[in-house]
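Below are two complexes that have subunit A in common, paired first with subunit B and then with subunit C.
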Partner chain A sequence: MSAASGSHRAGRRTLADRDGFLAWVFLLPSVVYIVALVAVPFGLAIALAFSDVTVGDPSYDWVGWQNFERNLGDPVFWRALGNTFLFTGVSMLLIVVFGKVLANILVADFRGKWLVRFLVLLPWTTPVALSTIAWLWLLDSIYSPIDWTLRRLGLIDANLNWLGEPTLEMVSVIAVHVWRLTPLAAVIVMAGLVAIPRDLDEAARVDGAGFWRRMFEITVPLTLPVIAVAALFGAILTFTDMTVVYVLTRGGATHSSEVLASWAYVRGIGGGDVGQGASIALFLFPILLAAAIAILRSVRRMEVL
Partner chain B sequence: MANPTGKAAAVEVRNLVKEYDGGRVRAVDGVSLRSEEGEYLVLLGPSGCGKTTLLRTIAGLEQPTGGEVLIGGNVVNGLPPRARKIAMVFQSYALYPHKTVEANIVFPLKAEGMKRARRAERARWAAELLGIGGLLDRKPRQLSGGERQRVALARALVRQPLVFLLDEPLSNLDAKLRATARDELKRFQQEVGTTTVYVTHDQTEAMGLGDRIAVLDKGRLRQVGRPMDVYDDPADTFVATFIGSPPMNLVPRDGRLVGFRPEHLLPAEVVPAADRVGVRLAVDRLEYLSGDRHVYGTASGIGEPTRVIARLPATVLTPIEAGRTYGFAVRGEKLRFFDAASGERAEPERIESPS
Partner chain C sequence: MNPAPPPPSRRHVLQAGGLTAAGLALAACASETEGPQARRTGAAGTPAPRTTFTEPRTKLSGTLSILLWSHFVPSHDKWFDGFVRDWGRRVGVNVRVDHISVNDLPARIAAEMQARQGHDLLQDISTLSRYEPGVTDLSDLVQEADRRWGKQLDLCRRSSFNPNTGKFYAYSPGWSPDPGDYRVSLWQPAGFPNGPETWDDLLKGGSEIKKSKNIQLGLGMSQEIDSNMAARALLWSYGASEQDAQERVVLNSDEAVAAVEFMTRLFKGSMTNEVFSWNASSNNQGLVAGRLSYILNSISAWRTAQGANPKVADDIGFVPALRGPKAALAAQHVMYNWIVPSHAKAIDAAKEFLLHYTANFASVTYHSKLYDLPGWPSLVPQLSGWLDADPFGARPANKLALLKNAVDWSVNIGYPGPANPAVGEVLGTFVIPNMMARAARGEATPKQAVAEADRRIRQIFERWRSRGLVGG
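Let's look at the complex of A and B:
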């Protein structure tokens, strides 16, 4: 009798058997994290955007669409918005192209490939602020080693003002974004390349396709979903980034390289107009949301191939 | 090299060697083989015997470590696959998943630079030949295994290559479909008449499809011959036991092995007396398989007592029970002799029946 009840007890469901309960326990930390650090600040940003809160006067007063209306009348805001799109578009294109090329190098088999892989991933693993400061020195108007090299090669006569002349400023910002995000894209695209069965490439080779035909008729169509993901990450990380612009140019003397994120920071924190800053930052949201939905939908369409 | 037919062989390999890992693994170890024009040549062997490596080297997907590959009489070593006028069907079929059936089939023609109108016409011809004319707009994922195989064949056929290379194309089909697909493959090849090199580990496929079979083991060629030759006159004990199900019985006798097929070991009374070599068979087990009786037991009298299998066709009605000993016999002309040490074929000898 006692033996029977003993075995009965051993067979009882314990806490560890209750999947529903365990699911909640395991999910809770990430839920708390997302609520506290994503949802609450996001709600706060929306609330602040409709207020006149400033650093000097934190009391909340509803002002409706006033902050947004002021943004739309501000030429610097339009400049920042345009720059954000320009930087994102050009960077994304270059990141994807270079990422694909680098991914091909990463999957290739050759001697010393571990060293190449390590070097390729280095820009991504370095903290953005640190690497951007390094770029600040590389692009210095007097001591730039890039200028020195170009001068020695006889390509330029005088130093270029990388971070002072409006067009060069934008080139510099884009170059650093591309340098920083290409490794990420390369790793994502590499995962896609590795997932293509080797048979397909071999079949195409036997079928008489050369390198470019295999690339554009087989490899690229089959990696398009992951290329889209790489593009999405590249776009979001460029779109929302303020570090690169802020460290390199502080937006430029005439706001020539200002972006939404840096302008929101300048207005909201630098200028103390928190409500205004929040309303500028909110412009990032619908655009990012639309981009994310568009790309994820295209990914899903391609996956059902 | 002397060429007996005067014509260039469709495919030929000479002393082909393929090493991996800097010579530590020899996947193909000095194979010389030629296929005749229009022939169906099957490369047969257990997994890891080098048959697929040999095929891939012919295709140009692997570069040989040594030796030569000739296609249509020309040495093609170092040429990329696309310059070799070959077509290959992969085990997985390797259809391009994002392309329609038609786009899959015309792909080799596109790569060749053929005009669009002619491409479409040729694709339709290939598709009709394989009975997939109605599937041209589908994507590979919408096709059954058998249909995918036909698309892969159509893609191979459409370029009218010198040689078809087929790498276990039936292994992804279920057993039932495999038999009909095998039949279709054979008829298809007879219709187009293109030289075919076919890799398989399945002896039924090899016997059924091949004009000739090349048996490989550990990277070496063991025997090449018609299915009948390979079955009836195996060159060594590997071929004797690899081909045939159940395999050939091998009985040790004075430093040699005496081999005979299970279907030749029969009750003494159904073997003609003139050429009868007697075997005493102590039966321990019986199996009844598709009409035949498989008799397991220990044979004595022909050599050292050895476990053997006899396969009695349904026409032999002699009652057999497990646990008893019977007088069996083999016709003397059916005996094959092998050297016990090397496994190579040896001269036949006369075995007197024990009384």
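Let's look at the complex of A and C:
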């Protein structure tokens, strides 16, 4: 009996000691998650993009490149593509700048630091649909508290129609993206900032380097790889997001703030043409892949240097 | 100092859990026994209709799951849930009802149809013609309803029947009209004490009110449902439409260009950029807030105001569809479309429930506070009396009397043709309000805007026509 239990324990030890086995056990949940929720839907999207599947008729008929060709001849598609790039480019720039500023604040020592950190991270931790609805109310054409405040301060005479004027509509969408993604960038950059050896900074101080000189000659070059990662996250999360645009403007009158993700939803679900919607959504993939490869390569180059 | 209490043992946790579960079960049973109140009275003492019951044509059992919208009038849902439970108990069917926001319905229905599983009975308030290939033909149900209650309204039939396939892909037992809602105190000084009667009145009075009081009209031109309805009403009133009776695309016409030109003038004279940012509740909010002089909507904005701000509610009046150069027509505001997906397991129960629901449409109308009108008019003989003397406290009591003739000035989406899948896609991708907005914003001339919209609509029709679902 004792010999049997001893050999059983030895068997368990053997299994637990096998690194390869353990590695798979620990990786398996992530692998299952990625395959089920990323790989399968992605494969499905590719298959649907080459089909004539509609919401009411899931039967699959191959239509080749027809859906993609239709997209190229559709002015709304081009407008949505342009808006997607515009929103992503401007948001990414602002997210990185504000993220860096915030990170500097977050690493500094001051009273109530935990409260500031909590408040800064709040936009990122709030579900995007919920926070965007809050912005929808803040930017309401009648009841906007922002307009009310500006009116009280004597800065405007009438409400600004944040979501009705084409330019303000774009500004509003970008502002909400920046507001919700800046905390993420700040946390990523913060991790880079705390990794900079303190003696480098102290040596620069001793040599008489001021704040800006230390910033641009020590801090920024050393945190560039993490800033690039923050930019990458900001770009991907803005590029693929449809919630902000859909909740705030539903794409806007005359598609003035339409993005690829919202147009894919409108065509695929609202219009019922699932194949067409999938082909629009798929346009995001090669662009995102190219951007991700370019940024990650430059990050590696920076690390090597 | 008292010693710290010992941590709860597993036995305690299990006991507490069991007691909680038992308590919840008792509470659930208690609420179930309440059931629907068969007879209640409205605000003015008008009795609620009695629930009628007819034995199902076949023996039923099992489970029936229903997905429908959260009604704009919440009292409807409270009544509906009890009504369904009561029916389920009587016929031996376990019924589950899920209400979700109207904005979430398209995605939810699409997901269930793609997955080929989900609820047995689905409802939306817009056309569901694009689901035709994946749903059960309800011709037998409509025939039975016609046999019991006479002829169904034409606009309901056109919203649920595809003449090309001969299939009733949906069942439309009710609808809501889309009258004009106006603020009496604003239109009276502008010279229109009874509100506008024509589109020209709207331009004249609306411009005057904007000029004198800085209060605008509320016809949306954004990607939402009310904008879709308003734009169509204007097109029809000018004699234009997206398709003809034979389902041929006919938008590119002088009449459509004239309608778009008119909308541009109406926007410049009496509206602001706010109308480009609207969602489905914006015009309701604006009217109740006193920031809009006129909107095209159902009666729900006014019903809300009755509770929240009676003074404002009393100041809201209603007018029928505005007359244009060719006609006075408005789209239905809501069309109740029920579908039974092919994958449904309880098809017989779904059909029998729909018959029971339709038979009690007087209760539907009553508990929706006259929001829902019947697709088979014979079912609600009280309707005329209710509209003349509103049971829910309208001041004046006959405020809704104009709805007695609502069917004369209301048409289905896709009129003069049926609400086919192409019309559904045009509606769902907001081609018509975008056409109006492009011209109003000055991005295109009315002629260019109509030509571009016509091109888009032709492409959409062509695709659905190739599937054999659209005629022409």
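Here is the rule we go by: the second predicted complex is superposed on the first by the 292 of 305 C-alpha atoms of A that agree within 3 Å, B and C clash if a C-alpha of one lies under 4 Å from a C-alpha of the other, contacts with A are read in each partner's own complex, and residues count from 1 in each chain.
Please note the rule applied: contacts are C-beta pairs under 8 Å (C-beta built on N, C-alpha and C of every residue); 3 or more make two chains touch, one makes a residue touch a chain.
Keep in mind it's a predicted model, so treat the numbers as computed, not measured.
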Room on subunit A for both subunit B and subunit C (clash or fit): fit
Subunit B versus subunit C as contact partner of A:64, first or second or both or neither: neither
Computed vertex angle (subunit A) for partners subunit B and subunit C, CA, steps of 10°: 150
Which of subunit B and subunit C A:286 touches, first, second, both or neither: neither
Which superposed partner A:207 touches (first subunit B, second subunit C, both, neither): first
Which superposed partner A:253 touches (first subunit B, second subunit C, both, neither): second
First (subunit B), second (subunit C), both or neither touched by A:29: neither
Smallest separation in angstrom, by C-alpha atoms, between subunit B and subunit C in the superposition: 35
On subunit A, the residue positions that both subunit B and subunit C contact, one per complex: none
Contacting residues of subunit C [partner subunit A, same complex]: 106-107, 109-110, 113-114, 116, 130-135, 221-224, 272-279, 282, 285-286, 289, 291, 421, 424-425, 428-430, 433-434, 437-438, 441, 443, 452, 459-460, 463, 467
Residue ranges of subunit A touching subunit C (in the complex, touch as defined): 52, 54-59, 70, 75, 141-143, 159, 161-166, 169, 249-256, 266-274
Subunit B partner contacts - residues on subunit A that touch it in the complex: 197, 199-200, 202-210, 213, 217-218, 221-222, 305
Subunit A-touching residues of subunit B, taken from the complex the two chains share: 59-61, 80-82, 86-88, 90-92, 94, 96-98, 107-108, 110-112, 139, 141, 155, 159, 165
